[in-house]
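Shared between the two complexes below is subunit A, which pairs with subunit B and subunit C, respectively.
Let's look at the complex of A and B:
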């Protein structure tokens, strides 16, 4: 990952805020100067070697560095890991989602791991094991088991096992601290060296390429070895938290006979898997914004089911593997089982009369993901006027008693000619109705212009899948559009969309295409060019290269505008954090007072309403600034990581 | 000379052609060359209110930060040099680093450097992380850092003699909220418990590092404070320093008389 100036500043600021000044000073040098040895760092930072070693050790403890000992020369080099540094900003979100998805005990363990960086299982179990009796003796009875925190070694063991199986926690080995690019290159060198003796035919090349990929994959998946073993033995049944029901069970029921984990294994948080969970949340939020709360919840259930086995959001570039070849799909029945009981699927669906619904096209099964350019003729199967209007179809509205029939011919031709029955609101809906209503939500998600899910089979009342790559591309486009509209207004957005559709467009064509005045177009385009969104290409018509004999083609470079936007966002985040620093400095007296160990005892003497108000105000400002950083991070995640 | 002439000629030719070339960006009207407004009206975008999930995320982050700051590996040396509001003198990072953890007269803050009673409650600043309280995974660190992070193990040559460190969980479980810090919390029970915890924590820390000595110092200081307490306009009251001119005279007179009589 290449870092820009602002990204480097951001990383250093985050480390400064969380882990202190010494590591941050070293980190910024490592980011600007690249891979260095201690001797070089001494020169670059003017810190003493003793300070440096301490700082480097802290950074390694928190997994923020790559380091490598050259086996021939015994020279040790250090390199910053900007991805890990950036992930610090997501700590709060990750904790929140782990708390929501898995439970409080899991959240506590993850928080402890964030605090420690990495830890040996033996140390963890000793620490958690020794904590419980102490807490008991302190305030007997007050230590309630309802708070869901980890209570005993056994409990820890089961929590750890579950998180390991969910891949949220991974194992660490000395190799994990090597830069993956380095490892890849080393493997490549190794493979090509042995193959050098023979003639390098094209067949050989493909063979060695495959070998490289295999070996790199084994390197990358070493962190998941323990997970594999657990999967094989079948221990720690992964249990997802359902909102109400799960909470009651979570505190107590942990399998006592869970297999003991190897105490010598070192574990840490796996950010890549956490990103998958964050992406699910983001997408569910997106769907909720577009289609309504209940549909969002349904979508969330679908995503949870689909991504249980995903270990990362994007395929690894070093592996150049194609996107997940066999599509995973879930059936409607599975979704219904997974869906929280408390969600009322009845709401959030509109009603439309039967003749307005083209059930054939609504229920159409698409077995392959639609191509990007094929997209427009995708709809040609349905006659133009009969496409169902968004949110207004309810094919299954009254088929609560002929569900079997509906299953066979999902086109539902027989449904159309029946009168809609009157429903009694008070009576509890039978399961079947719930299922068909759930299907309405799923169809709604399919039918949306963002194509949240794809109907890919008819088994089990319909199979559904998500084309993540295309979907994320659309989400990215939406975000970018929103950003352009914010900065350059409606007209700017219109112009960029025209350019995106047409590719390169002659300047003379632009005003007529956009239905705008020539002057307005030019002003807008110049402003956007200065912002780095669009650019112009000059093509001379003849050798004279006169301005009036030249064609000017405007174009919109998506890749570049995304990186540009990313850098802007990093900068905004840096500014937010810097503002927070200044705010903290302004209120430093109150803050240091609050942090004092004795404040609790003497508050009557020292407390004044003025200070109290000031402190409260500061907390508000702090949460606003941090909230802004989190929102910006959401954008970064969409543009870069998901 | 010939160069000058040629240059002039070209300029003349360019100007002489007259009229602007027909370029596509020419709209015919003159650019607006008036100076722009100094403070143009600007619509400041405001943030949407934070959702509950976001708030919880922030709370988690802040709690984590608080815990890390309470942990043994956090280092900070916030000197007055580090004031973000002061105009920044650009000495460069290297020069700033060279001053890190240097204790001399220049790096002292004259207003806070004199130890006071209350300074014992202020969280101490650490310039170097404290590795003695953490078990570390030796195999994950490069060899040249081992004697820093695990000095005891490096010193003991025989493997059996070294006692394993124990990992301790943080005892910080909540953020200091305004209510708590300023005693505005309603329920007494929670407050009492917090007080207990806090007292415990103080006992632990003081017990280890010569708390008695500090206490004595503190006592002394307190006594001194009382001695010099100027609660009711104190010992230096210029106007009433000599209680009363007349009385003084009288007293003197009396005494004088008395002395005289003796």
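Let's look at the complex of A and C:
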């Protein structure tokens, strides 16, 4: 991963904030100088080797470094892992999502792992096991669940097992601290070396390529060995986890016979899997923003179901795999089962009369992801399996209205309890109406400009899938659009969108397409060129090179704008954190007072009113700044990680 | 029937006189015949072969044809053109137009007039005239002046080159390209007009593509709503009341309703929990370009400017590019609906007096980047710790955080 200046600054700042100045100084040296040995680090940092080793130990404990011992020379080289450093900023978000998706006990464990970096299972059980007496042991079985915290070794084991199987945590082995690119190169070298002696035909090339990929995949999946073992032993746990997903945390009945884990295994947090869950949250928020809260919730359920087995957001570039288990689909029935009962799928969609609805377009099944230019709507041929569709519409139509006119045609079941009694024989059971209302939301998601989901089959009242790559591209574009709009106004956005749609465009065409004055267009384009969003290509019509004999073609460089936006965001994050430091420095007297053990917890009583107000103001400023950093991180995630 | 070559000069003088009269008379007959044939043929351009094929010139006499065509050209009834390949073609010109050339008294005037005539509706720049004709400035000016006083040409402004002095034939109107079409008033892009039209169109699309709910789209389990609560309080154009008037929703009278009036009533109705909801998938009632064009023409807000469907499409395209509306294809036809429906306000955008122009307007997605000072910072590029501007002395952050 290449790091810009601001990204490096950000990493150092984060490490400084959490682990102190020493590791931060070492880290910034590693980031600027690249891979170094201890001797080189001594030279660059002017620290004593003793200090240096202390600092490196901290960094390694927190998984912030790659290190590698050359087997021939026994020299150890260290290299910064900027991705891991950046992930520090997401700690809070990850804890929140683990809490929401898996439960409080799981969150506690993840939090402990975050503090420790990586830890042996034996150490973990010792730490948590020592708590047992406080909670009266696990004789009072009912007691365990009410605060949701881990209270016994057995509980710990089951929580660990669950998280391992959800891939939230992974096992650590010496290889984990190696730069994956290095490992890939080594494997490549190794494979090609053996092939050198033989004949190097093109057939062999493909063969060795496959071999490289295989071996690298084995390397990458080593952290999931334990998961696979667990999957093989206890089959029914997964079902339980799925059920818990929906209803957040109501009572954690853990297995009394949780599989005993090898106490010598070392585990750590797997950020890639956490990203998948964070992405689900972001996408659901996106859908809610576009179509409404209820639809967002429905979408969330779909995503949770679809991504259960995703281990990462983007396919690994080192493995040539195009799509990661892309063609997973869920059925409407599954979604309904998974959806939180408290969500009222009846609301959130407007009502239209039946003759205003074209069910053919709405229910069209697309078995393949649409092309980049989504204009292939001409294939309106009715796919097989149309019959149940019409029926759903009859029911769904009347019910997704959310005010209760007393209409006779209504299926009744949802229109209030007074009718259900009468209409037993004719109306479908309530579950079925809920299902068809749910389908309305799914269809809405499908029809959206952003194509949140794709209707890919008719089995089980409709199968649905998500084309993540394309969808994320659109989300990125939306984010970028918002940035452009707020920096350069509606007109700036309009011009860049025209360029994106039409490709390179002659300067003379722009004013008429955008319905803007020529001078305004030129001013706007110039401003955006300065900002690096658009650029101009000059094509001379003849050899004279005169301005009026030259064609000017404007174009929008998406890649470049995105990287630039990303770097600007890093910089903004750095500035927020730095401002926080400045604020802390300003209030250092109060803060050091508050840190005292005898003050903590009773600030209001001990401090004078003036100081207490100041302290509260500072807390407000801090939460505002940190909140901003989190929001910016969301953007970074969209642009870079998801 | 080529005239015989004269043997001696003295005979010729007499002979030619008598024979010349007859020849001129014949020539004018042929001229007329050829000209009429050309007009009747319905073709625009004629090559030499085409002219011969019209069967006017006896024996396919090339010399005669040359003389006839030459004479027609002199009378400005034929226009000579040259193709890229070098082939010469002729076009006929209306006799009335040709007559105008007769009004030109000098050669200069004819030359100038013919260039202006050729330029057609787009007009021609005075500098171009000078460059083409290589005339002296004062001669050209004089010619232009005289042509103007005769009412043959007129000066006008072209929107593409507002600073150039352009001339056009007085008898024709400037082309759309030269005037800029309906979007221009007095050769200036009428931005206020466009902006207001956009607002009207946006409001219309918003109303037609959304469902006005009085309960909001919240995720909470809502109670069974009370009967009849919505009756009469809601905007008729937006809401369908139960099954009672199913199918009558968007008849012509409602479509023609002026937008501001309709929305005003909806604002009065319980504003707090009101929300716009998306319409179910497959909804066919999304307004199309034609619907919107009809709205604009019947509402009369464009006064005497006539907007064609192409013009309206342009307007809509711009709204799409602004991310305010989005196209949606249902049942083979493309309709438009408002983007980011869940967050749009119920107020109408058009007809507001506030100078910011944002009030009641479309709610666009705020990027977190621009929420904090850095995203809008004019000196973001300079900002550096320890530099002239930096986090330790940032005024913008101070204001944003409300410290000092």
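As a working rule, the second predicted complex is superposed on the first by the 550 of 642 C-alpha atoms of A that agree within 3 Å, B and C clash if a C-alpha of one lies under 4 Å from a C-alpha of the other, contacts with A are read in each partner's own complex, and residues count from 1 in each chain.
Going forward, a contact is a pair of C-beta atoms (placed from the backbone, for glycine too) under 8 Å apart; a residue touches a chain by one contact, two chains touch by 3 or more.
Note that the structure is predicted; figures quoted are calculated from it, not measured.
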Label the relationship between subunit B and subunit C on subunit A in the superposed model as either fit or clash.
fit
Mind working out whether A:265 is in touch with subunit B, subunit C, both or neither, as first, second, both or neither?
neither
Does subunit B (first) or subunit C (second) touch A:582, or do both, or does neither?
both
In the superposed arrangement, does A:527 touch subunit B (first), subunit C (second), both or neither?
neither
Contacts of A:497 with subunit B and subunit C, given as first, second, both or neither
second
Touching partner for A:485 - first (subunit B), second (subunit C), both, neither
second
On the A-aligned overlay, A:42 touches which partner chain: subunit B = first, subunit C = second, or both, or neither?
neither
Thinking of the overlay built on chain A, is A:353 touched by subunit B (first), by subunit C (second), by both, or by neither?
second
Angle at subunit A between subunit B and subunit C: what is it in degrees to the nearest 10, using CA centres?
110
So, does A:628 touch the first partner subunit B, the second partner subunit C, both, or neither?
both
Check the residue A:19 against both partner chains and state whether it touches subunit B (first), subunit C (second), both, or neither.
first
Quick one: smallest Cα-Cα gap between subunit B and subunit C in the superposed arrangement, Å?
5
Hey, what residues of subunit A end up touching subunit B and subunit C alike?
486, 578, 581-582, 624, 628, 631
Subunit C residues touching subunit A - in the complex, by the definition given at the top
183, 189, 191, 194, 210-215, 217-222, 224-230, 240-244, 246-247, 249, 275, 277-285, 314-315, 317-318, 321-323, 326-332, 339-343, 364-372, 374-376, 380, 383, 385, 390-392, 394, 397, 401-403
What does subunit A use to touch subunit B in their complex?
17-23, 25, 28-29, 38, 44-47, 50-51, 53-58, 60-62, 67, 69, 76, 91-93, 95-96, 99-100, 107, 111-112, 114-116, 118-120, 123-124, 126-128, 130-131, 138-139, 142, 172-174, 176-177, 266, 486, 507-508, 518-519, 522, 546-548, 552, 578, 581-582, 585-586, 592-601, 603-604, 607, 611-612, 615-616, 619, 622-624, 626-628, 630-631
Interfacial residue positions of subunit A with respect to subunit C in the complex:
288-297, 342-344, 346-363, 377, 380, 396-398, 400-407, 409, 415-417, 440, 443-444, 446-447, 449, 478-479, 481-483, 485-487, 490, 493-494, 497-498, 501, 511, 513-517, 565, 568-569, 571-572, 575-576, 578-579, 581-583, 617, 621, 624-625, 628, 631-632, 634-635
Considering the complex alone, what residue numbers of subunit B touch subunit A?
21-25, 27, 29, 45, 47, 50, 53-65, 67-68, 71, 73-78, 83-85, 93-98, 100-101, 118, 121-123, 126-129, 131, 134-137, 139-145, 148-149, 166-170, 176-178, 180-184, 191, 193-196, 198-199, 201-202, 205
